[in-house]
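You will see two complexes here that share chain A, one where it goes with chain B and one where it goes with chain C.
Coming up: the complex of A and B.
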């Protein structure tokens, strides 16, 4: 009982009531992400033309009533391909970061909490891995590990993100682990498990959520780059990145084919980054180096 | 010590890539129609008949002698492929870094002088938006506008001219790639330098300098920029891997025969030894550049090495 009230008291000292409101633009961004996710999940149910149907009577048509965003060089509906394409980006983004957090976050918390040999050993390994630029490593592995599939892409990017997540979570935990309320809990004889789950986890949660969102945005950017280079899911499956790649060859004939997927990707990334950034400043956590 | 560890991990990683290929490496690398002689050469070259850890030492021995293998498609040595492509990447990156620093340093100083002022806010919002625009979109937009809409020749796809041929057209053909990488780096440098300058300007020695009546300009450059340049160099060091990768994407669109374009062509042609050689070169380069930057940072700020 007493540990509970202590915890609360500590929280009150930690967070003065000065957090500013999230603002209108924050909610616009949230609903934009919501709309995209909704479209990705229900793409089959929504009244969209088939993204794979080729129509040679309507090649490179500009935006209009019949085809909202126009058609590509094979007469496929661009709007429909963008909605379906968001599935790849969103799945890879969330899947890869889940792998990164699943392994990197517990390790980072444990390392920061235990310190000593365990910490310095893990941290050295992670720094060695970080020195290897993630995008070059993923390009290398994906070009050899054929045939490529969505699962392999998620796995490779996910593993590549582990050291990054580890570093952020470790730094965040370190700043909390020496606080008085954690020491108080230790003195009271709380188990390590309890301290990790009940004292440390809630306090690093805002930073974790914020980094999760920014991480998803980073992974989506990376997947887009891979798709642009032709190293992501195989055509004809649409993804934002490989649509831009396809537009590469018909830049002069069809501007819209490059424009709309780029716009979709940028708006999605801006919204995600903004939400992540806002959450971080809302909870007034000191900026850790991402 | 750490450097040795990192290079070891990179070498094992690059070596093992070949074994990620489905099936027998010799068959995959040479294709199914390969003659027994060609296979025998490859077996000898890679030591494929030996156990895997011995293969690694055979491979490492070759690398240390500067032998990255021979491409089985173009029949040229991989090291000569790398040597002809690498200067193009270097040129693009150097050009972009000059532009990025030239733009980031004055703007960051301007912002830091009045944090939350109008200029700072506009620059903040702009840099935040640019942060979310990946290089592969930026270059597409630039090509659409500048090469196609405005019709400026020599900037579009496959317009590359080598530096030896004519340096003006060479610069023209590399202007869009360099500008793209410059924008990507500018955003990072601006944000890092701005927040570090704001922190530095609150230090006591700045107040001291102000009270002595030293001019604003001199305080900015002599007193605030020097300590803050450490953060800037750190950001540049972390940025280099991403820059190389962004360079790949940009080269791919414009068909500039640097490392990136060569790499993607090699991947599409299944020229695996070229891919392996480029991956190894790039990774070692990134690590070497990072260590070089650490060295420079120590020179700029002696406090770090003393700690």
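Coming up: the complex of A and C.
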């Protein structure tokens, strides 16, 4: 009857339950983002035509064998321009959010952990900044701060994202900071630094990671909007946003010129959002376990 | 200062500044605790027992809180000490066992690691020694196959097991005082007894003092040597466990005792309750806080607050104008 000891039985019972799989669509999204990032990094190594070479013998050619996505009104290869354009979008997306997290996340955690006057002061400032529409602010700054460069764009959007990151991280930390295990660590003599790094950070990590990805998506949209208004990198350097902007003028002659960069932007954002959302719910203990 | 006292609390007051005014959660509490003694702090919800126990170890909220009086733990004045100073006694002098083992362990850290942390940070042990000591501690608190459990996450353990781990963490730096705030409220009854017996046994073995904070008189009855009864932030009766149970003078203590369900009662016996509700601490009267709910209350009770006065037994004090007669027998719950 009993071929195993009680001890073994107990261990069997308490073996961790297999966590719910992330699903096929999640991995498709991850592969898609991976493919885009790969393209952005290795664009000049890949066998792509130069995105800046104009060819007046092949203007506004539709999608085909020779030019996969066709050519634009200056005869430049659209596929190549999209791949090169992803460089700007992805760099701005990740760079700006890194600035936002680099400043907003530590401040948010510290404010939620310290509370008191420090928290009230910082939160008030952040909420005032938040009340001001980010897009208007970035447009205003970028219109006057010329000549525009990738670095300046990243910096301006990055600074604009600080209050957003601050708010999310502060709220996430608040809900963890009052938990007994944080007090328990404190009464074991743990320093504030240790509590922030070992108790709070791992517990807000799922929310932070998911917000990071969704933040990248938001910033890419913002960059697209700025580029559409002609406030991103200067032409002829392609970015998804300024490609759509340029396509606007020839929309009646060549619909593909607007379609493909829009599609690229759209698929990239959907994939990022889905991954972010999936990660959040995957690590959300309450949602998975109940 | 006598050396046999581990903890001397004098006139300790904790006031929270709230939107409605100052809220005295603990008001002028004094008592002391000998080495290797177990003290019970009892009272209903909101009586200030948790705030008291946290203030004793300097764990009150950082903001909007004023603490006056004194709480001297093994020669260290906790009141007024900075966080950095208090950090030197937390863990090594005083440690805490929490009410709910579901929330008092970090869900994303292996339990072994959570015990190691304290050992490595506070006692400067290296990885290997800390692990050996952590396994010893797990063994000590009665966790079967500690080697396997060492790598488990809190979510993989049952409530009773988790509470044992919480106790192991508390014991990591061999504290002299263990503060157990409702250590069994989150557990079912059979596990409650196990955990309380474990605390008892550990106290004897490690020569600690224990403060057991609870609303359950059954918990303190056999395991404490002395009891402090709190009501509305004040001590209303204190004495040896025996005196408080059999010779209590304060009507509130009697009411509390009577409202414990008793196994000897026939089934469907109505539970005895204390009429009314605990007072609003923002608008306390000048009189006895329990007067509005007390059947013995007189005009004097409503107007003047009674101070603690000695009863006939040594160390037994109570705060009441109309105390119950001496030797008022009550049945143990």
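Note that in this section the second predicted complex is superposed on the first by the 265 of 290 C-alpha atoms of A that agree within 3 Å, B and C clash if a C-alpha of one lies under 4 Å from a C-alpha of the other, contacts with A are read in each partner's own complex, and residues count from 1 in each chain.
Just so we're on the same page, a contact is a pair of C-beta atoms (placed from the backbone, for glycine too) under 8 Å apart; a residue touches a chain by one contact, two chains touch by 3 or more.
Note that the structure is predicted; figures quoted are calculated from it, not measured.
Look at A:74: by the touch rule set out above, it reaches neither chain B nor chain C. Contacts of A:52 after superposition: neither chain B nor chain C is touched.
Chain A is touched at more residues by one of its partners, and among chain B and chain C that partner is B. In the superposition on chain A, A:217 makes contact with chain B only, not with chain C. Look at A:184: by the touch rule set out above, it reaches chain C but stays clear of chain B.
In the superposed model, A:251 makes contact with chain B only, not with chain C. Contacts of A:202 after superposition on the shared chain: chain C is touched, whereas chain B is not.
Looking at the shared chain after the overlay, A:94 reaches neither chain B nor chain C. In the superposition on chain A, contact of A:115 is made with chain C only, not with chain B.
Residues 7, 10-11, 14-16, 114-117, 179-181, 183-192, 194, 198-199, 202-203, 205, 285 of chain A are the ones touching chain C in the complex.
Partner chain B is touched in their complex by these residues of chain A: 124, 127-129, 131-137, 139-141, 143-147, 217, 221, 224-225, 228-231, 241, 244, 247-248, 251-252, 255, 258-259, 262, 265-266, 269-270, 272-274, 277, 287. Touching chain A in their complex are the following residues of chain B: 2, 5-6, 9-10, 13-14, 17-18, 20-22, 128-129, 131-137, 140-141, 143-144, 148, 157, 195, 241-242, 244-245, 248-249, 252-253, 263-264, 267-268, 272, 275, 279, 282-283, 286-287, 290. Interface of chain C with chain A (complex): residues 57, 59, 62-63, 83, 87-88, 90-92, 94-96, 98-100, 103-109, 117-118, 121-122, 144-145, 148, 152-153, 155-157, 166, 169-170, 172-173.
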